[in-house]
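Each chain gets a letter, A, B, C, D and E, in the order it is written, and its residues are counted from 1.
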Amino acid sequence: MEPVLKARNLVKRYGRVTAIDNCDFDLYPGEILAVIGDNGAGKSSLIRAISGATIPDAGEVWLEGQKVAFHSPNAARSAGVETVYQQLAMSPALSITDNMFMGREIRRPGILGKWFRMLDRPAMQKFAREKLSELGLMTIQNINQAVETLSGGQRQGVAVARAAAFGSKVIILDEPTAALGVKESRKVLELILDVKSRGIPIILISHNMPHVFELADRIHIHRLGKRICVVDPSQISMSDAVALMTGAMKPDDIPA
Amino acid sequence: MEPVLKARNLVKRYGRVTAIDNCDFDLYPGEILAVIGDNGAGKSSLIRAISGATIPDAGEVWLEGQKVAFHSPNAARSAGVETVYQQLAMSPALSITDNMFMGREIRRPGILGKWFRMLDRPAMQKFAREKLSELGLMTIQNINQAVETLSGGQRQGVAVARAAAFGSKVIILDEPTAALGVKESRKVLELILDVKSRGIPIILISHNMPHVFELADRIHIHRLGKRICVVDPSQISMSDAVALMTGAMKPDDIPA
Amino acid sequence: MSDSYESAANSNETVASFGQPRSFAHKVQHALHVTPSLVPLMVLMAAILGFAIVLGDKFLSPFAMTLILQQVQIVGIVALAQSLVILTAGIDLSVGAVMVLSSVVMGQFTFRYGLPPEVAIICGLICGALCGLISGVLVAIIKLPPFIVTLGMWQVVLATNFLYSKNETIRSQDIEANAAILQFFGSRIEIGGAIFTYGVIFMILLAFLLAYALRYTAWGRHVYAVGDDPEAAELSGVNVRRTLISVYVLSGLICAFAGWTLIGRIGSVSPTSGQLSNIESITAVVIGGISLFGGRGSILGTLFGALIVGVFTLGLRLAGADPQWTNLLIGMLIIAAVAVDQWIRKVSA
Amino acid sequence: MSDSYESAANSNETVASFGQPRSFAHKVQHALHVTPSLVPLMVLMAAILGFAIVLGDKFLSPFAMTLILQQVQIVGIVALAQSLVILTAGIDLSVGAVMVLSSVVMGQFTFRYGLPPEVAIICGLICGALCGLISGVLVAIIKLPPFIVTLGMWQVVLATNFLYSKNETIRSQDIEANAAILQFFGSRIEIGGAIFTYGVIFMILLAFLLAYALRYTAWGRHVYAVGDDPEAAELSGVNVRRTLISVYVLSGLICAFAGWTLIGRIGSVSPTSGQLSNIESITAVVIGGISLFGGRGSILGTLFGALIVGVFTLGLRLAGADPQWTNLLIGMLIIAAVAVDQWIRKVSA
Amino acid sequence: DGHSTSACLITKTDTNPFFVKMREGAVAAAEANGVDLQAFAGQFDGDHETQVAAIETCIASGASGILLTASDTSAITVAVQQARDAGLLVIALDTPLSPADAADATFATDNFEAGRLIGAWAAGQLGDAAADAKIGLLNINQSQPTVGVLRNQGFLQGFGIELGDPNRWGDEEDPRIVGHDVSNGAEEGGRTGMESLLAIDPMINVVYTINEPAAAGAYEALKSIGREDDVLIVSVDGGCPGVTNVAEGVIGATAQQYPLDMARLGIEAIAQYAKDKTLPETSPGLDFFNTGVALVTDSPVEGVPSITSEEGLELCWG
């Protein structure tokens, strides 16, 4: 099967640190691919390079078999690759609605929208409220509240809702549940399964092993800037996965 | 037994949101007190109010039986209350060492220190390196690296190491493992137990129930801005604790 | 196992809500908080009231009131351009220079090269937009700090202005006779004792137009997002470069319009005009409540900010204060106005 | 259960390290990156080299070289004060006004009230520190934006200066005869054709002193932390208020010293001096590579920044450029210098 | 207060001692003539927009007349016309408007003549050496306000140098000119400008300065290289510190103006006009009332009328 998203020999250096070191990457249609690795292993750097947020020093990326080189997150976004970054990428002073629709606002129908380029606030608000309800983020009192007045977890929820609402080909989530409460985490996991059932493949970076093993179809294990192996969660124990990612075990030692 | 840290009737409003709603709080000597609650329940607001980061609108706080009113985090810090805030409180452009010793720098012995107020960089670096090694944060290559070049997890680790190194009466950790990898999380948990064994009580806010149940001596359950009950993790199941904090169960219904 | 306790989370779906109704005073404060331009508006009203009580009719006459509008029109228009740039967390020190160069181009193209004045005006407007484009490209693409870019542009444009104009003033009489359209914005409508020049009307319309664009179009939201946190804006799908360049070009164009208005106001084309416009426009913007760190504030506040300065200047002069005392008082009032603003924001937060 | 897999994490303790040695060019770039003041230093060297090639001995003489130092000494000292404020993410528009008021106080206290000049100098220094204290309190405690506070202070202090001095100049000859110590910083040391005034030496010593304090004392680290992120600094134990106030007071004091140096340079005490000092000092700071957003840059860069402007000004004048052309070229060079700086930083990042 | 007549004084700046003294003269004259006076000023030399606003404010305040030293002599005329249409008497002080009849009357120094006097004096002082003099000129600022241009061009003509466009400085071809620089009319700029000129040619021996503070700054620069005794510095203004500097040999000669007279005459004219609508006269042969200019020097030159510094000190203004 052809991967939806494929990367080969990606390299990214920051001064003397090599954050991505000749890394390969494959995401297949309809799957949930988890990426696990130590802090600083280069997971975020990898997905930033794939999604146009940083431009890799070397290497190539293919989306649905087409070679692509995203020079901005917006380029990736228009190609259908939606990302929730670890540092959330929200404009604190703007409202939840504004943030959700940033860069793809809906205009009023008719002359108002066409000539006066007026935004369709009611439509956008309705949509935003629906998406947040789906995630169970009902503690948010006002959809026009500035994002800076939300708690850390609420912001995380808004970001995930945005990605789920707009991603069409690939959705990338960098530690989407890190700041979330039990209930909200659960909602996000359900949302991920829901997206998957719509046939959209998902990349999930997480440090939460139970979550990873519950959801993932395949696990990409990242260490020292590169993929050291890809494992099947039904074939490997959590302990072995953790041992692999911390370097205590070599990929060759995986019990068959 | 007299609580080390006690608060009564704390109130904090943000505009129309009541983040802390007549909340009480008790921390006893030598214990690990976990605070759990939904996103937006007001946990961070509570510890910010206790540690001087925000000044509550009403209510009183006692430290070791003495009434205190911290008007700045620094005041709390000098009284021995050390906090790791959820948004990490680091100066991105400064080095790891500078950040760890911010506000309590070590000066050179002798004239250089006394008259020229020169910092004792070697001593500070040595200390910082030791503390980070204890936490297993060895992937940090250079102790003089600017904090902004660290991964999210590495920053978290630095903040925890700072609190553990300097806290003398109370250590408060607001989701210290949220961004951490499996290995680093484990290190932090060990460090918490280590601090506890030195007799210093700890307040731990976390969404990770297994961690909470593993470590906590008592669990403060927070909901809608107030403490709804305090439970003993050995007497209650995780499911019940989660049900309490989401409001599915009332405190009165706790099976005895 | 993870499901065993996590599933407990799903059993309750009550909507949490712990806001409570507040008093009337709180509602006022809340209104002030969500509509930031109300604060400078109130300061403005208070200032007018104060001077009206002290000076009486001399100040409260339609003539004096509309005179303030006329006196702030240039700074007001320039300050609107400045607001856009400041909303993106930039600053434009070259606004005054661009304004003057544009007006000189309009004048000299008409009189030195004999172009039809309409064409010369278009050239002047293009000149302003071009200056903005240069700044915009340097800021957005080469990523230089706006302060430095516009500091450099200020020097370059001002020197170009002096060199190109040969320091010559084009006299009002000549303009009136040969190219009256250059003085278009000086035309006036009198209603009672009140005098509204087209320039004043233009300033007010422009303010409302920009307020609309910032609030009700995607472009406006992007301007705020870029000012708030450019990296976050880029990651969440805003074309930061294009937004920044559009802001600088628009700012240059508005400055060129200010240059045209300037001809209407002073009648002649003088290359020495506008040297204080940068600092005056920034003053108006900040008194109007737009944050110099970008992303916060309303452009109508700028208009009120400019008017506050205008009211104090005229009021103090009419009260007979010596110019240096006026400067001293205006300096204190700048601080006081912002302190009041800050205080109201704090209470209402 | 959680232990079962998490314990696997402890089994390996190898130190991860995936840096690798880089080429010589990369090392140079890295050095530039960690020592930001090297960049303006290189621009300065390049500028000197360029003019030396074009102008030869006329420019490269000890006389011309030290003349540049003399011409930048006032702006240089003021720019050091400005650097401190800008490092805290502030800006001080009142530096020039404070400098002049302090020099006027030194002069008038001596000549109007007949105080011993030493006492008058101390009064002048106190006056400068006091102005800084007012700004500092307004910024740190009332939390007003520094731009607005110092904009107001600029107006207030300048007006006070004109009102108090009655616009009267105290002549150089009178000072020389009755209070020579006021001209202390004008004294000179000649070595070959090179002339070093005490003012120049003071500027250089002050730069190194401040560089030391910023780098090797806790206070210096706090200044950076406050500029970087005041909230984070406060949360991590810095007394933000005290740090800010100390910076503004120190800045005022340095401006007062600049006022004293000014008397040495122009001989007389003139209330109309220093009106461009604010913009010139900011230019020097930013060319020197200190970020206007605070927390980044080195104060030695400021010294180089001031010298870069001085070299270009004198160089262009010697090359026979008309003052207007000089301004135009300096404007372009401001942009170019920062562009080069940015480029080097990017490559080395 | 309580006076029936009120007048406005609008100066270029209120920081230059020249205008400060002019204002003091006006205040004294207003007191004597029972006139209310309001003073206004631009923010810097060349700032005509503030002056326009000041004229409007005067109209709004119901003044009977305006005394104006214009920063831009032609740009201001529209506002002046507005004031005259509103029935105010507008008198240009120090600087004639362009055209001069845009104001009701003008009481002014002939700035070109002031420049010509010091130029002729410098040439006379040098004698034959004037043929290979090296001249440095310190002007006010790069925007070339009219007064600065008139003094500069007057000086050059007086010295015997062929002018280019008489409306701007800097376009002369004469090799004796080492260079033009700017001083902002203050000591600091005077010193920096002089140093730059000296770096171009250290053997400069004649220095024109826009005013006496700039001259004092230039002197400091010369003193620092030990050439203060062999350079002729000439200036314009005649303020007391300047004249004292002439007496002490710092400045060779200065052309003295009489701002107090201008202000006094102006106030009297407005008082008169308010009383019976009579307009003031002009000097014979000129389109303005010349308040006079006198060359102050202690080493007079034949053919150039001058007064001594002692006489100058009696007439000086600040």
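We take it that contacts are C-beta pairs under 8 Å (C-beta built on N, C-alpha and C of every residue); 3 or more make two chains touch, one makes a residue touch a chain.
Because the structure is predicted, anything quoted here is derived from the model rather than measured.
Colleague: Shortest hop count from chain B to chain D along touching chains?
Modeller: 1
Colleague: Which chain's C-alpha centroid is most distant from that of chain D?
Modeller: A
Colleague: Using CA atoms for the superposition, what rotation angle relates chain C to chain D, in steps of 5 degrees?
Modeller: Result for this pair is 180 degrees.
Colleague: Tell me which chain's centre, taken as the mean of its C-alpha atoms, is farthest from chain B.
Modeller: Following the centroid criterion, the farthest chain would be E.
Colleague: Go ahead and note the Å separation of the Cα centroids belonging to chain A and chain D.
Modeller: 46
Colleague: Rounded to the nearest whole Å, what is the centre-to-centre distance of chain A and chain E, using the mean of the C-alpha atoms as each centre?
Modeller: 72
Colleague: Provide the C-alpha centroid distance between chain A and chain B, rounded to the nearest whole angstrom.
Modeller: Result: the chain centres lie 29 Å from each other.
Colleague: By residue number and range, which residues of chain A touch two or more other chains?
Modeller: 14-17, 38, 40, 87, 139, 141, 181-183, 185, 209, 242, 246
Colleague: Can you list the residues of chain D that touch 2 or more other chains?
Modeller: 1, 5-7, 9, 16, 19, 162, 324, 327
Colleague: Please output the residue numbers of chain E that touch at least 2 other chains, ranges allowed.
Modeller: Within chain E, the residues that touch at least two other chains are 14, 44, 142.
Colleague: Give the list of chain C residues in touch with chain E in this complex.
Modeller: Chain C reaches chain E through residues 58, 61, 63-64, 67, 70-71, 74, 159, 162, 166-169, 171-173, 265-276, 313-314, 317-318, 320, 322-324.
Colleague: Within the complex, which stretch of chain B touches chain A?
Modeller: Residue list for chain B touching chain A: 14-17, 37-41, 44, 86-87, 137, 139-141, 149-154, 156-157, 175, 178-185, 207-209, 242, 245-246.
Colleague: Which residues of chain C touch chain A in their complex?
Modeller: Interface residues on the chain C side: 1-3, 5-7, 9-10, 13, 15-17, 19, 212-213, 216-219, 221-222, 224-225, 228-229, 231-239, 295-296.
Colleague: Please give the residue numbers of chain A that touch chain C in the complex, ascending.
Modeller: Against chain C, chain A makes touches at 53, 72-74, 77, 83, 85, 87-94, 98-99, 102-105, 107, 116-119, 121, 136, 138-139, 141, 162, 181-183, 185-186, 210-211, 214.
Colleague: How about chain E: which of its residues touch chain D in the complex?
Modeller: Contacts found on chain E: 14-17, 20, 44, 142, 170, 179-182, 184-188, 190-192, 195-197, 199-200, 213, 216-217, 219-220, 223-225, 241, 244-245, 248, 250, 318.
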